[in-house]
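One structure is given below, encoded as structure tokens.
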């Protein structure tokens, strides 16, 4: 489904956001992409949707070489990829309903299909009451859920989710994660960039960790942090730190 | 520092985003504001900075009745409040450095003060290398840290942070939290709206929980979830849910 | 189905993007109003200038002893065989005498006989050709003398002073008008497309997002083009409405005072409306469609 | 200190907001160019019209037996005591005879004596006053007859036909020009402020954020006003540069052909530049400052 060959993305001639990454993700996999803030997760996802072009290296998505894809074919590639953007990227002049309907129409759906599908995904993401709100009338978490709903409304074979639960409480996060999982179960390849260690640790899926644009870990059923011991160590570290915060009061 | 008397905010004549909230926060307190997505946390913070006016009720911030504050005095109120916005609200046409410098100049700082203070906060938030990047050249977490840096650069007596760690990995989150704690230790009143249960549970500070715009809990040194048992129960619940996700594969 | 979708998109966008849509509409309205006032005024002004230019003519004096046959021959030469001839009027000896006597009774009272010759007053086809016409009728010989085109012609004259002055004055008026018309049309196109580009700029993020969710360029472009058509049409229709009101309120009552221009202006009002409408719609539709290109590169 | 800060802010904004700044500049440039071409053309056209109007005059024929003293008396009446008088030229019997004879040698050859009277050719102060001037010089009596203002005057005449035509034609030209000038100035102001409002609209989020971090309204506004001044000045200067190039390349070589307009146009070029520059700067600075108001309500 996804193949990267020695892909590098250099911004402004200095920042190596993605640095010599080679990677293979099969059809039907569920993969977590983790790493510190600024480690290159979003950049990698942007490369996969042809939003950015790599400085060097080859990228194949759904059997297509993005470097050779003529620009008028890019929209057809994107119809096969559902994207949840870290900054949501909602259309400010459309209601929640119309934002999702637009994504459907863009892929050629009829009005009937739209009428059938949109209310469904809105119910699944808990947005039924916000149907007619404009994006600036939504809370942060609600916007995020609209972005999620839009990404999978037309059941794409590939789903890229960038921090889909960053603005959500644990309960709602769980709901979204279950949704992604359900989508994955229908055969969709899912790639999730996330900081939600709790979720990654419990789901035990393939984990790819980036640092400074390089892959430093690729485990078949990994944890958020490097090794199990380290996770605990890291957890203890955090605990102590917070404890110190509390005590020094 | 902050006093709310029976404050209600109704959007579009139906959504009760904040519903009859009365609240008192003393000078020098550290308070967590928690609650599900859409429970009214951001709305409450917006009311405190006079960005929105309440539908009914009285709000006092730093001894001033916001309902009677003439509009030309609002900027002077805001200079005493540092705000971390959920959607960052950076100026798109300014570099990281200039975004922070602008907030300082707006409060009347001289160029000398700016030269002294800005590099400091950028180092504290780990952004020293991103000095000359524009917001659209930053990762999500980096933007969030710029917003944090801007909020406390002029050491305001009141700091409002809306989801300051939503886009950050646990390690960076910890750094930001320590920063907020340090600011609090200098006498600043800090109010943090967050979904980071780990952090809330470890810091054991005052916790105010909202649901549907109403305060359903206000504990002096509380946890993210309602009671200690419940936290565990809820945690188990989450664990089981994720476990199910993993097993059903 | 597709078209109704695009149409719905366009109207939705008009409603939700009030400021940019309104700005584009205002641009169309203002420039069309200026053009709509300007074009009839150009007509009127050049009409007035032409009226003045029509006064430029060449007098062809016949010999005192010209026979009727000779007069007819000269008339034929003038109307059929001479270039640059516009209009020919015959003033007989007797008519000329009567006319002059009325203007200068004292002088002519003293005259016993009629000293005036038969005359053809010839207007050139274009006022600027008056010199050439004279050369036709009274060719210059190699030695620089003037001969005449017909033996019955005694002399060919035009009043040099007045003629040059009138010609150069009216030429300035007409040239100014033509140049201004061109300039204004160009400026209108520039200003409208400038506004449209700016209003698309205000919505570039939107276009970016559309591309990212898989919309093709034309799927994005059509609603903008239709929006441009609607904006152009509304602006154009409003301009035309205001022009009509202005015409009925100000021009029509004055028409009797300015009888010179009444006729051509009235005749062209329908055409003017059509031209303005088509122009405003075309410019704003093309502006929307073309300006979008740079924001589609995502 | 404050001012340099605002200035730095303004120039930074110009550099970083290329599209909106450029659009505003283009608007200023285009409208100023139109105005800059238009104003001298108005001068030229009305100059030309005036030139034609100057041909309108009243002939005051004196009695054949008028003494030199009587001539002087009439001249004094005309130049000092009569309203609506512009210019007075005296044509003596002898001059008139010589002139007429040159135009109509045959007729005058037959005349022994000089039948023509002494004449004053009087131009009215304004061409439109030609009728009133005549009434001054030859007042109508109650019975509808004409008397004369001085016993030495025999008759007062103007050539009715030509006069009315020329008057109405030039009146149209001048009215059109005045109206168009007003319309264009209004349209320019509208279009420039429209563009500026739109370019501020594209940056309204920015203004919102500024307010949220504690900036006062004027702290936000000043850089925009200064930016407006810079944009206006650049647009204005570019327009003036193009106008100068146009003047040197096209108008100056033609000047000899259009001697009528050369003088007034050249004289006013400096003033024109100053007016255009001040206008463009003022309009865009005021536009920026005022349009901002609606985005400051946060």
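Think of it as A, B, C and D in the order they're written, each chain with its own count starting at 1.
What we mean here is this: a contact is a pair of C-beta atoms (placed from the backbone, for glycine too) under 8 Å apart; a residue touches a chain by one contact, two chains touch by 3 or more.
These numbers come from a predicted model, not from an experiment.
Novice: What chains touch subunit B and also subunit D?
Specialist: Intersection of subunit B and subunit D contact lists gives nothing.
Novice: Max contacts between which two chains?
Specialist: C-D
Novice: Which chain lies the greatest distance away from subunit C when centres are computed from Cα atoms alone?
Specialist: B
Novice: Rounded to a whole Å, what is the gap between the Cα centroids of subunit A and subunit B?
Specialist: 25
Novice: Find the geometric centre of each of subunit C and subunit D from their Cα atoms only, then give the gap between the two centres in Å, rounded to an integer.
Specialist: 21
Novice: Need the CA-centroid distance for the pair subunit A / subunit D, whole Å please.
Specialist: Chain centroid spacing, subunit A to subunit D, equals 68 Å.
Novice: Looking at which chains touch, is this a line, ring, star, complete or other?
Specialist: ring
Novice: How do the chains pair up in terms of touching? List each pair.
Specialist: Result of the pairwise touch check is A-B, A-C, B-D, C-D.
Novice: Write out the stretch or stretches of subunit A touching subunit C in their complex.
Specialist: 49, 51, 72, 74-76, 78-79, 81, 83, 85, 89-94, 98, 102-103, 105-107, 110-111, 150
Novice: Can you check the complex and tell me which residues of subunit D touch subunit C?
Specialist: Listed in rising order, the residues of subunit D that touch subunit C are 19-20, 23, 26-27, 30-31, 33-34, 37-38, 41, 44-45, 48-49, 51-52, 55, 64, 100, 104, 106-111, 113, 115-117, 162, 165-166, 168-173, 176-177, 179-180, 183-184, 187, 190-191, 194-195, 197-199, 201-202, 257-261.
Novice: Can you tell me which positions in subunit A touch subunit B when the two form their complex?
Specialist: My answer: residues 11-12, 34-38, 41-43, 86-87, 137, 139-142, 145, 162-163, 166-174, 177-178, 181, 185, 195, 197-199, 202-205, 224, 234, 238-239, 241-243, 245-246, 248-249.
Novice: Flag every residue of subunit C that touches subunit A in the complex, lowest number first.
Specialist: Checking each residue of subunit C against subunit A gives 1, 5, 12-13, 16-17, 205-206, 208-217, 219, 298.
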